[in-house]
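Read through the structures below before going on.
Here come two complexes built around chain A, the first alongside chain B, the second alongside chain C.
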Partner chain A sequence: MIAVELTKMLRSRRSWVTIAVIDALPILVAVLLAVTDIGPRPGTGPAFLSAVLTKGELYPLAAVAIVLPLFLPAAVAITAGDAVAGEAQQGTLRYVLVRPVGRTRLLVAKLVSVTAFVLVTLLVVAVTGLVLGVLLLGDSNSATPTTTFSGTDLTTTQLAQRTGLALAYALLSMLGVAAVALFLSTVVRTPLAAAMGTLALLIGSTLLLTLDAAHALRPYLVTRYWLSFVDLFRDPILWHDVVLGVLLQAGYVVLFLAAAWANFMTKDITD
Partner chain B sequence: MRPIHRWAVVAGVFVLLALAPMAGRAIPAHDRSLSAGQLLSLVRDGYTAPYSGTVEASGRLGLPFNDRFTDLADLLGGQTRLRVWWRGPDDWRVDRLLDTGEVDLFHHQDVTTQWDYERDEASVGPDPEIRLPRDSDLLPPRLAALLLAGADGSDGSSGSQDESQVSRLGARRIAGRDGLGLRLRVDDPRSSIDHVDLWADASTGTVLAIDVYGAGSVPVLTSAFTSFDSARPTFDVTRFRAPAGVRQHFEPLLDFADAANQYAPLTPPETLAGLARSNRKGRGVGAYGTGPTRLVAIPLQQRDAAVLTDQLYNSGATMRHGQSLLRAGPLGIMLTAIHSPFEFQWLLTGTVTDDTLRRAAAGLARGSSYR
Partner chain C sequence: MIRTQGLTKYFGRIRAVDDVALEVAEGEIYGFLGPNGSGKTTTVRMLLGLVLATSGSIEMMGHPMPRRAREVLPEVGSLVEGPAAYPGLSGRANLSLVDAMGPGGSRATRSRRIEEALEEVGLAGVDRRPVRAYSLGMRQRLGLAATLMRRPRLLVLDEPTNGLDPQGIHEVRELLLRLNREGTTIFLSSHLLAEVEQLCHRVGVLDRGRLVLQESLAEIRRPTGRWYVETQDVARARALLDGQVDRIEGDRLVVRHDDSAALNRLLVEGGVRVTALTPERRTLEEVVLKATTDSPDKVVRP
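And then the complex of A and B:
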C-alpha cells in the first residue's frame, strides 16, 4: 500500500509542478542577489540571507528559510488535504477500500506519501540552493571558512552535518501540518476545504504568536518552533527549542492521526 | 472497538498532550523559612555565583526612538532572548539570540568584545563608567543587583522614609528550580517604580526571575530564565576567537553617553532634586540616586538634541518653556531648554516622577559648570 501511494505521488505531474513552484522563489531570490549584490539589512529577511553574498554554501539553508514559513506548509496542506478528500471527490475512495486494505494502513500510507513529498521538496530546494549558491553567490576570492552565528569556524563536514540536521528538522516541522490536513481530509468532502482549514490554523497560529495576550497558548502553537533550526548554527548548539519543536510536532502528529483514524474508521464511504 | 472508544482514545491523547507543557510547572515549589532580610542577604551573596542558561525578557516601555536610540528602544520595549554563561563579574558571555543571527558580548576584566554575526564584525572596547543599557543588563541577576542597591533588609524596622522595604512572596518554579519570592516596595516619593518582585534560586541566591512594576498592575519589565544551570561554565565558552578574515577593531567610545561623559565641556552639580551623584565628580554625565530611584543627566550638542526633540514631539511629549517631557511608563524623559553660553541641552531620564525631573532641570540650570 505504501509503495502504491509513493509511486502515485512520484508519478503525479501535480507533485512536480508544486515542487517547481516552491523552488522558483529561492531561485528568483538567488538571481536577484547575484545581479544586484544587495543583501538584506541586519535583522531583516530570512535567516542566513545576509551571509550568502560572502558564503554561497549557506544558500541551501537560506532557501529553506525562504520557503518554510509559507510556501512549503501551503503545499503540504494542499497535498495532505487531497489525500482522502481527493479520492472521495473523484469517486475512487470506495474502490481503493474494496481492495483488502485496512483503513488504518491507508491513512499511514497517505502520511508516508506526504512525508516523502516534503522530503523530495526539501532536497530539491537544498540542492538547487547549493548549486546556485556556489555558482552565483559567495565571494570566490575569499578562502575563509564558514562560521556559526557565534563566530566559530565550521569545517565542511560540520556544515554538511548541521545542514542535514536542519533539513530533517524542517521535515519534522511539516509533519504536524500534514497530520492536521490529513485529519481534515477525512472530515470534509473536498480537498480545498481540508487545505483551507489547515491554512486557517497556520495563519491563526502565526498571528497568535505575535500577541502578548496569547502567551499561555504559545507552547501549543504549531508554528511556534518552525524557525528554531537556526539554533543548530549557534555554538554551542542550542538544543532547547529544537527539542521542544520536535516534541510539539510529534504531539500534533499523534493527536491528529488518532483523530483521523477515529473518524475514518467509522465513516460511511459513499464516494 | 466501538466509535465511542476510538474517540475516547483521541480525547485521552488530547488531554495528555495539553497537560504535558504544564507538568513541569505543576511541581510545587519548595519554600524555605527565610525572612525577607535573610532572603535579601542570600540574593546579595548570589551576585558572584556562576550560572548559565537562557533568558526571556519583555519590556513595555515603548520608547519612540529611532536612529542611534533604536537598540535602546528595542531593549526596553520588546522581546529579547538571551543566552548567558556567567563565570563571575569579570568573565562572562551574553548572546542576544535572533532568528537571523546573534549579537554576542564577551567580557573579560575591564574589556568587552561585541561580535555581530550579520554585520560580520567584532569590536573591542573598555567598559566605560557611564553607558546606555545593553543586553547583559536585562539578565535577572543584573537587573536585581541594580534595583536592590541600597534596599533595606531590616523588614521596615529602621523606619527611614528613604529606605525601600522588602517582604516575602510565595515560592515559584522557574526553569526547573525553586524560586524564593521577594518584594521590594519603593517608598521614595521621587521614584516612579511602585514595586519589584523577584524570585531567587533557593540554593545559590541567583535571581531567576524579576518583574518591575510602575503605576499599573502589569509589569513594565520582566526577565526570567527559561533554562538554568548553576554549574560554573568552562573558560572555553566565554573566550572569543575572531573568525578568520574578521579584524577586531578598537572602539574607544561605546555610545553617546560614554562620549558625553568623557568629552562634554560641562559638568552637572553634585546633587539633583535631592539625589546624590553616584559617579565620579567632574565628568560630563551625572548619574544620581540608587536602587529603583535613578536619574541620569547627559549633555547633548544641539544637533543631537534637535533630532531627539523631534522624536519626543512626534511621540506626544509635553512642550513647556522650551522643555520637552515624555513619559514611557515609569521612565521619564526630559530635554531641557538651551542654556547659553554652553549651547548644550541636557537629556534627563530615569525612573523618577515628572516633578522630580522638573526640579532636576532647575538644578541643572543653576548648578552646571564648565569642566
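And then the complex of A and C:
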C-alpha cells in the first residue's frame, strides 16, 4: 500500500505543479537579487538572504527560509488534507477499504506519501537554490569560507552538514502540519475543509506569536520554532531552540496522528 | 455464505437497520430489495466493514466480520453505491492500482487478469483516456471489472445495472448468470423488481430497516390455487362455475378451483371454448408492495 501511495503521489501531475509553484518564489528572489544586486540589509528580510550576495552556497538555506513560513505549509496542508477526505469525496475510499486495506495501514501509507512529498519539495528547493546561488549569486571566489552568524568561519563540509541538518529540521516542522491536516482529513467530509482548518491553525499560531498577551501559549504554538534552524549556523550551534522545536513538532505529530487513528478506526464510511 | 444475526445500526438516534437476520446460501443469487432509504446500503456497508454495526453479528464465509476482513474480503468483489475510480488515470491503470493495494492479487498475472476482466464487462477495446472522460455506463462497467479481478467467491453488488442502457443491462444479467453457474454466490441489492425477478433464487425485503420478508422466489411465485380462464363465452363459463368465479376482467375469469384438469373438462363439456387456462401466481411486485409500507422518500403532509 505504501508503494502504491508513493507511486500515486509521484505520478500525479498535481504534486509536481505544486512543487514547481513553491520553487518559483525562491527562483524569482534569486533572479531579482542577481539583477539588482540589492540585498536586504543585514538583520532584515528572510534569514540568510543578506549573506547570499557574498556567498552563493548559502542560498539553499535562504530558499528554504523563504518557502517555510507560508508556501510550504500551505502545500502540506492541502496535500495531507486531501489524503482521506479527498478519497472519500471521490468515492475511492470505500473501494480501498474493501480491497481490503487496513485502516491503520492506509493512514501510515498516506503519512509516508506526504512525508515523501515534503522531502522531495525541500530537496528540489535546496538543489535549485544551490544551482542558482552558485551561478547567479555570490562572489566568484567560492574558496572564501562561509561566515556563521557568530562571525567564525565554516568549512564546506561543515556547511554541507549543517544544511542537511537544517533540511531535516524543516522536514520535521512540516510533519507537524501534516499530522494536523491528516487528522482533520479523517474528520471532515471535504479536502478543502481539512486544508482550510489546518491553515487557520497556522495563521492563528503566527498571529498569537506576535501578541504579548499570548506569551504563556508561545512555547506550544506550532509555528514557534520553525525558523530556529538558523541557530544551526551559529558557532557553537545554539541547540536550545532547535531541541525545543524538535520536541514540540514530535508532540504535535504524536498527538494528532493518535487522534487521526482513533477517529478513523471507528468511523462509519458513508461517503 | 452470509449470515447476520440481530444486525442493528443507529446513526445518532435514527435506527437505520433494525435486527436484521440475513441468510445467504453458497451458490445462490440473493436479491436484496427495499425502497430507497430502507437501509439496504447501510446493511451492505456493514457486511463489508465500512460501517460498524451498533449491535449484532455478521458472519461471511464462516468468519466473523469485520474482525476477519483481511481473510474474507480478498474473496469478495463489491460494488457499493456506484462505481468510483481515480479520475486522472485510465481504466487499466485504475484496475492495476487497486489490485496492487491489497492481498490476493498476484503481480505476475495482473495484466492478464485486467484484460480478462475488461473483456468480461465489454471494455476490452478501451483506450488510454482517463476515467474522467468515461460515460456513466463505462464507469459502471469498469466498477464491475474491478469486482471480477480476483475471481471472487462472493459478489456483493449494489445496483449493478445503474446507468446502463437496455443492451448493457442484458449483458450484465448474462454475465452474472454465467458467473453464478460457475459457482459465484451473488448478493444483489436493488430496487428494480424486474431485475431481481429475472436473476434471483431468493429475496430478502427490507422496509424501514427491518427485514420483512426472506423467501425463495419459487415460493413467492407458487400458484395461488386460482386459475385464469380465457374464453369468448364469458357468460356461459360464469353460469357453469357459479360461486367459484372471483373476478371477471374482459374475456378473462379468475376462478377458484383445486384441479385444472377437472376445471378444463367441466368447461369444455359445458360448451365453453377455452382459449387459455393458466394458474394465477403472485408477482414479486405484489408481494413486495404488500410487505413494505410507504416509500420513505415520500413525505406526506401530516
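Simple rule for what comes next: the second predicted complex is superposed on the first by the 268 of 271 C-alpha atoms of A that agree within 3 Å, B and C clash if a C-alpha of one lies under 4 Å from a C-alpha of the other, contacts with A are read in each partner's own complex, and residues count from 1 in each chain.
In this text, a contact is a pair of C-beta atoms (placed from the backbone, for glycine too) under 8 Å apart; a residue touches a chain by one contact, two chains touch by 3 or more.
As the structure is a prediction and not an experimental result, all values here were calculated from the model.
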Touched partner set for A:T44, first chain B, second chain C, both or neither: first
Which superposed partner A:T190 touches (first chain B, second chain C, both, neither): neither
Partner chain in contact with A:A258 - chain B first, chain C second, else both or neither: first
Which superposed partner A:Q158 touches (first chain B, second chain C, both, neither): neither
First (chain B), second (chain C), both or neither touched by A:Q90: second
Contact breadth on chain A, by residue count: chain C or chain B: B
First (chain B), second (chain C), both or neither touched by A:T266: both
First (chain B), second (chain C), both or neither touched by A:T206: neither
First, second, both or neither for A:T54, with chain B first and chain C second: first
Partner chain(s) touched by A:M1 [first = chain B, second = chain C, both, neither]: second
Residues of chain A contacting chain B in one complex and chain C in the other: 266
Chain B to chain A touching residues, read off their complex: 1, 3, 6-7, 9-10, 13-14, 17-18, 20-21, 54, 58, 83, 95, 97-102, 104, 115-120, 122, 226-227, 237, 240-246
Residues of chain A defined as touching chain B within the complex: 42-51, 54, 142, 144-145, 147, 149-153, 212, 219-220, 227, 230-231, 234, 236, 238, 240, 247, 251, 254-255, 258-259, 261-262, 265-266
In the complex with chain C, residue positions of chain A that touch it: 1, 3-4, 7-8, 12-13, 90-92, 94-102, 266, 268-270
For the chain C and chain A complex, residues of the former touching the latter: 11, 42, 45, 48-52, 69-70, 73-74, 76, 78, 80-88, 97-98, 100-103, 146
